[in-house]
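Input: one structure, supplied below.
Chain IDs A, B, C and D follow the sequence of writing; residue 1 opens each chain.
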Amino acid sequence: MSTAKQPVLELRNLSVSLPPGGDRPFAVEQVNLRVAAKEILCIVGESGSGKSMVAHAIMGLLPEPHVKVAAGEALLNGENLFTMSRTRQRQVRGVGMGMIFQEPMTALNPLMRVGEQIEEALRLHSDLDGRGRRARVLELLADVGLPNPEDLRRSYPFRLSGGQRQRVMIAIALALEPDLLIADEPTTALDVTTQKQILDLIRKVQAEKGMGVIFITHDFGVVAEIADSVAVMQHGRCVEYARAEQVLNRPEHTYTRELIAAVPHYIEHREDFVREGTALLKADSVRKVFQVGGGFLRRGRELIAADNVSLTIHPGETVGVVGESGSGKSTLGRCIVGLHKADGGRIVFQGTDLVGLSRKAFRPFRKDVQMVFQDPYASLNPRYRVADIISQGPIAFGTPRKKAHERARELLELVGLDASVARRFPHEFSGGQRQRISIARALALDPKLLIADEPVSALDVSVQTQVLDLLDDIRYQLGLAMLFITHDLRVAAQVCDTIAVMQTGRIVELGTCRDVFSNPTHSYTRTLLDAIPGQQWEIPADLRHLRGERARRPREVSR
Amino acid sequence: MMKSVGAQSHGNPASGRSWWAGATCAGLLAVGGVLVPALAAADEPRQGGTLNVILDPEPPMLILGLNQQSPTQVVATKIYESLLRYDFDLEPMPSLAREWEISDDGLTYTFHLQEGVTWHDGEPFTSHDVVFTATEFLPETHPRASSNFRQLEDVTAPDDHTVEFHLDEAYPAFILAFEVASFPIMPAHIYEGTDYNDNEMNDHPIGTGPFKYERWSRGDYVHLVANEDYWQEGKPHVDEIYFRLIPDAASRALALETEQVDISSYNNIEPFDVPRLEQLPHLEVVTEGYEIAAPLTWIEINHRVEPMDDPRFRQAMMYALDREFIRDNIFMGLGRIPTGPINSVTIEYSDDVHIYEHDPDRAVELMEEMGLERDGNGNFAQIEMLPLPYGETFIRLSEYIRESLGQVGIDVRLRSTDSAGWAQRVADWEYEITNNFVYQYGHPALGVSRTYICDNIRQGVLFTNTMGYCNERVDELFAEAAVENDEERRAAMYEEVQQILVDELPVLWLLEMEFPTIVNTRVRNHTTSAGGVADTFADLWIDE
Amino acid sequence: MNRDFWNAFASNRGALVGLAILVVVVLMAIFADVLYPRSPWSMVTAPFQPPLSDDVLLGSDTLGRDIAAGVVHGSRVSLLIGLISSLVALFIGVTLGALAGYFGGWVDDAIMRFTELFQTIPNFVLAVVLVAIFTPSIYSLVAAIAIVSWPPLARLARGEFLSLRSREFVLAAVTTGQSTPRIILREILPNSLSPIIVAASLTVATAILLESALSFLGLGDPNMMSWGYQIGAARTVLRQAWWMSFFPGIAILITVLAINLVGEGLNDALNPKLARKGRGR
Amino acid sequence: MAKIGLFLARRLVKAAIILFFIVLINFALIRAAPGDPAAVMAGEAGASDPQYVELLRQRFGLDEPLHTQMWIYVSSVFQGDLGFSYRQGRFVSDLILERLPATLLLTVTAFIFALAMGVLLGTLAAMKVGRWADTAITTLALVSYATPLFWLGLMLILLFSVHLGWLPSFGFESVGAGHTGLARVADVAAHMVLPVLTLGLFYMAVYTRLTRSSILEVHEMDFVKTARAKGVTEGNVMMFHVLRNAILPVITFAGFQAGHLIGGSILVETVFAWPGIGRLAFNALLQRDYQVLLGVFVVTSILVLLFNIITDLLYTVIDPRIEVE
């Protein structure tokens, strides 16, 4: 457990109540935690575990009166945050503790200059005069590694990238050198390379200032990267709380074990895919340009989303396209499936160039190329029953309704759902189940190629694994080719035969999965690999085998 | 015949206008003016004070020679004058003409002008101005000049203060043509040789009257001040007049009530408000001063539409209407129930005609007699009515007509139009029934016959025989009576024509309308002639 | 689903009150001929009878017509015109908004410029002109009110379509080969309806206000007794007979209020996410 | 500065194009009206002489082909000439310019009143959400939002002018009272109270509701949490973080509503006998004075466009995210 030193923060029996009528009475139930100076405590859990509520309760940011602290104490340097006066609370915020939020795009006031926002805390809680505050702002901006502090001070948030904003947030939180820093999923919305920088920064400032840190995350990779101690939360309860080394390597609670087992990680890969016969799909110098910000009497900027992109997919092959946001990976997928019209190049599918085909001429190919989308909550029409959703494609292509519905029930079983759910509506399902339905819909047309656009990134890790396994299974069973788009190299590593790494609209590296991981040739690929959090941590062997088996299963011969 | 003018609204949007033209009045020989005592008993007039008069709607301009709508008249009659004024019995009185004679053959009218009269800009007023007005200005600008002066051969000015009008045919009614709105004398020195409509002085009227133009704040008020050089010594009595533009009827009533204004005229005040205002101690209501107009309102019927071509059907409609109710509840007692086409105050009126009482049963009988049958809803006929779009009273009236006719089985649907649409539909005979009111100008030859004679069935022209009624005997009687010098024979002819018309009911006469002039009791001598409020106000004074 | 909807709706007390009032008004409209079998135009008593006089509950007007009968029959016109013109506006607005939002590009540009044009002309002025030009009748009133009411609905529909068009289930419909009309009508439209229904319910309220304002200015259908007409007719006798304008005005006020309340309730029930921002945190 | 100039130029071009179409639409609409203007004019002048009608027709160019009339009108509008009112014998631009100040005074005052009160009440309600003050304000807003403004005007007259006698019920000022200087200002102000209240109350309700919901929405946003986490006082959170952001949609909407406000002034000017262009328009409409009506249309549309441009400019000042380029 944590050090014997006087803790900076101690939570005793913290319970946070939810408004009546919800699915459970408490968001957080009887949580006990301690954070000492220079300690980083990671609270890990899946969505709905109550981990963010803990942070909000400490900061006094719960959406009262609906959600409020029901019991317990939070002692900051021995002083109970829940019983102190409002004025004292305000003083403690900022001076005693600072907080960083998940979404850097919305956490800064869009109408205030960056400098003012940092200064505001100083003005309230320090004796510095104007000049002193300005100097301190510049110092803070430099401390969090932002270039040109002088210019940046006068910028508005909208001009900053997500990573830069998160740095500004850190600067705000650090402005008064608090004893405790609470970081609520501060890197979740960031690209992996940025995430690494921010993690490094937090670790650096924490070491320099000797702060205690509560770091909330869902990612065990991140935990492995920075945690001194770990608390695992499930359904509002803390199920395991111990030193990081112990939790990571010798987890005790079943739930922790499941979570860790589900962490995607690079594993010794199955045998390389052998390309046979002619390519199913051949993309050649595909180019896509968007007009941005155009309007009446005004030409927009050109944004090149895909430039000179070439790749091939053979029957039975899974090609992973990996890249950070804005790299053009989704654009590529959508060009192939015909949602975007490519501006240049050729996309040859079984001998036919799809680029430039009219809507009508494209239609027959729709059957062959299907797509699974990212957001399970947005990809199913909430007004239709599951059976209708799945059979919409076949019906559009002339299958009798009754037959299509029968097929839908078969497909439901194929994706691991009960056939009886066909009559239900999407809102009755969880995210993972919806993603299964989404897959069933894509399969309904018996496609030859499946485009999976970040199919698991909106899901919790445990569910992620199941869906990945399902996709992999189905691919084997049906002999599908798949284009798997993801931002997460670890995920790609689990399902892909071939990996294409994209950066700003171009493919910078293309090779077998093994090659890309073990022998990256492009510096960007190396940067990406480097940025994967928690690389030095090996998932305990006893958990690893749970997943290894399937991955190494011999390939079935594709039909 | 004359086709002078017709229906007017004074209250609402579009507005009314003109007076008249001349007409033959056999026996009406030139008489020197005798001043009729003013209506309000005069104490010693007090000098000074400000008069506030309601003006509605806003006149388009104040140049009386170019525009004769009633709001224009209310203001401009203080600025401009004519040769004559008329008393309540339509006898001429002197104005800019001090004396006048008419030759025995009725062809020459000689006017002797007042001396020492100057225009507001200081220029002297002479006979040249009169000649210019009669021969140059009005023929070009006055909508009815061509008919007023049809018999006019020429106009001469023997000297600066004498004018002679020569006619090519005797036309006794000509003596009535010198009322100020028909014959406002315009300053020759300003208008001669210019484009009258585009004269730069058009926004600053120059006349000879007792009040001078001072300021016009559009949408708000017109301000006139006393003319110190007025030719009648010691007049006018008040220092200034504000004509206040108050477009809302309720606000106008309130303004009278709160003494913010002193005078309202025409239908400034909705009839509903009159009884209440009349009760207030500081207000009096006068209905004199509209003798020339003598408006008569009726239901106009398109005889081209069945079954209204049948006199029995028109009679049935008449029997269905309770005209006393109309007078008492819609016009709030302002008016008299007419017996026929001629207003009871108009010359040649006769009451020896059939009287239509309110008798719905008779109405039903008549329609059954005609062989009409009730439809599923119990209606004998369906009629569309265009309400006259001139203010609320007429809308109420239309609603009343719909109800009353509905009760005897005539289903009336109202169809709204604006004034333009109304005018076009009526003129083009594209209507079934409508209501209308028309001025009579004192004599049947001037304002009555035009409505009923066959000659005047002219498509596209308003205020003609738009019903399409035609009876040759009626034409004959009107034509002969107009030139008949013998009083008895003329009376007999007019009596006959009235009897025929009352039997055949070309239109359904509803009411001889009375306009209320509502005046604060501190104002004296306000109504001194048939011009009423549209007179000079030279004699008007304000008591403490 | 329906139960949830009703519960969400019923949790807004104002909405329930509004619904109750609206039901009363609708019943009044339906049973007008039972309550007051005679035409509201018929002159049943002496003019200017004050409220609570012998036979006229709310007094009589200048011609002795029963104000209460007018108020009861007037509800028909208000509801009829409010409803029909809103439906027409809804049709125009949703059609244009859907086309603009779905097709984007120059179609969107053209339609939105067109919408902007109509939003720039002061809408009441436009309504007055339209009714006056095409002569007041129930048809011209409906048309004029619809013509000035559609732009906000078009903008709303466009926004919904624009955001739904790129929603993944719509993309899925494209990739599974659905036809464009089907995508618009079956995939997007049903999902965009909630906010549109709410907006449309508020449009009904606005339409009733517009109708009353036009009638007040004397631009109502002369054969249909309406509240605006009653107030317009009473304006000149405001001093003698306050009841003539007071009661019809109250009728408009509570009807419009009720519709707004119901609209808010619908909003709470149909757009739970938006509802929260409107009320407590 | 140059950027703002360019922005303005672009907005003006756009406004001109919209204006062009508005003029076309209006022209078409009014031409669709029944009734030959010349015949109507002649009829009202009491003359039914066809030659006189023909004369009028020529005099006012009504005998030209329609497209010529339209083209003449459109091109002259863009030269600032709104034509000549034959009914009033004056230039339309003069007529409108005379009436414009009264309307602007009324609408701008009502607008400012509505906006100020709306934002104030909305903020108050949002701060006291769920408590009696909120309930009271929300109810007031709901009721004001449902009140027909012409009726409200009448009721206010009944109460304040007729029964209490506190305020004048019509007109712009007490004409002939000879007030000058401050006394005149006070006199005009007294005349303005009821019309401004009547016109403003509805819009106040709109802005109140909008401000309230906007504030509640912004209140939920992350950056407000950030501010709280900094220990900013609730008052400052409201002033500097919430209100500033919440006001943006209110401004957008308010800019949009300028046109409605001018439309509403037709009713208010009619009820209160206010000498403005709303009344001018209504009278012109009834008199079929095409030139004046078209003029009023064009001018009110220009006002709306101007209002929109001002709103946009204001927006760029308040919101740094809006690029003026």
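Keep in mind that, in the parts below, a contact is a pair of C-beta atoms (placed from the backbone, for glycine too) under 8 Å apart; a residue touches a chain by one contact, two chains touch by 3 or more.
Please read these numbers as outputs of a predicted model, since none were measured by experiment.
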Minimum number of chain-to-chain touching steps separating subunit A from subunit D: 1
Chain pair with more C-beta contacts, C-D versus A-C: C-D
Gap in Å, rounded to a whole number, between the CA centres of subunit C and subunit A: 46
For subunit C paired with subunit D, centre-to-centre distance based on mean C-alpha positions, whole Å: 22
Approximate Å spacing (C-alpha centroids) for the pair subunit A, subunit B: 88
Inter-centroid spacing, subunit D versus subunit B (mean Cα positions, whole Å): 40
Residues of subunit B engaged with two or more neighbouring chains: 248, 250, 254, 417-418, 421
Of all residues in subunit C, the ones touching two or more other chains: 113, 132, 135, 235, 238-239, 280-281
Subunit A, residues touching no fewer than two other chains: 63, 296
Topology of the chain contact graph, where touching chains are joined (line, ring, star, complete, other): other
Listing of all chain pairs that touch each other, if any do: A-C, A-D, B-C, B-D, C-D
Residue ranges of subunit D in contact with subunit C within the complex: 18, 21-22, 25-26, 29-30, 32-34, 129-130, 142-143, 145-151, 154-155, 157-158, 162, 213, 216-217, 219-220, 256, 259-260, 262-264, 266-267, 270-271, 281-282, 285-286, 293, 296-297, 300-301, 304-305, 308
Residues on subunit C engaged by subunit A in the complex (per definition of touch): 1, 109, 113, 167-169, 171-179, 182, 187, 190-191, 280-281
Parts of subunit D lying in touch with subunit A, wherever the complex brings them together: 10, 13-14, 220-223, 225-233, 240-241, 244-245, 318-321
Complex interface listing, subunit C residues touching subunit B: 39, 41-43, 47, 62-64, 132, 135-137, 218-219, 221-223, 233, 235-240
Partner subunit C, residues of subunit A touching it in the complex: 63, 66, 296, 334, 337-339, 363, 366-367, 369-371, 373-375, 378-383, 389, 392-393, 396-397, 425, 438, 441, 444-445
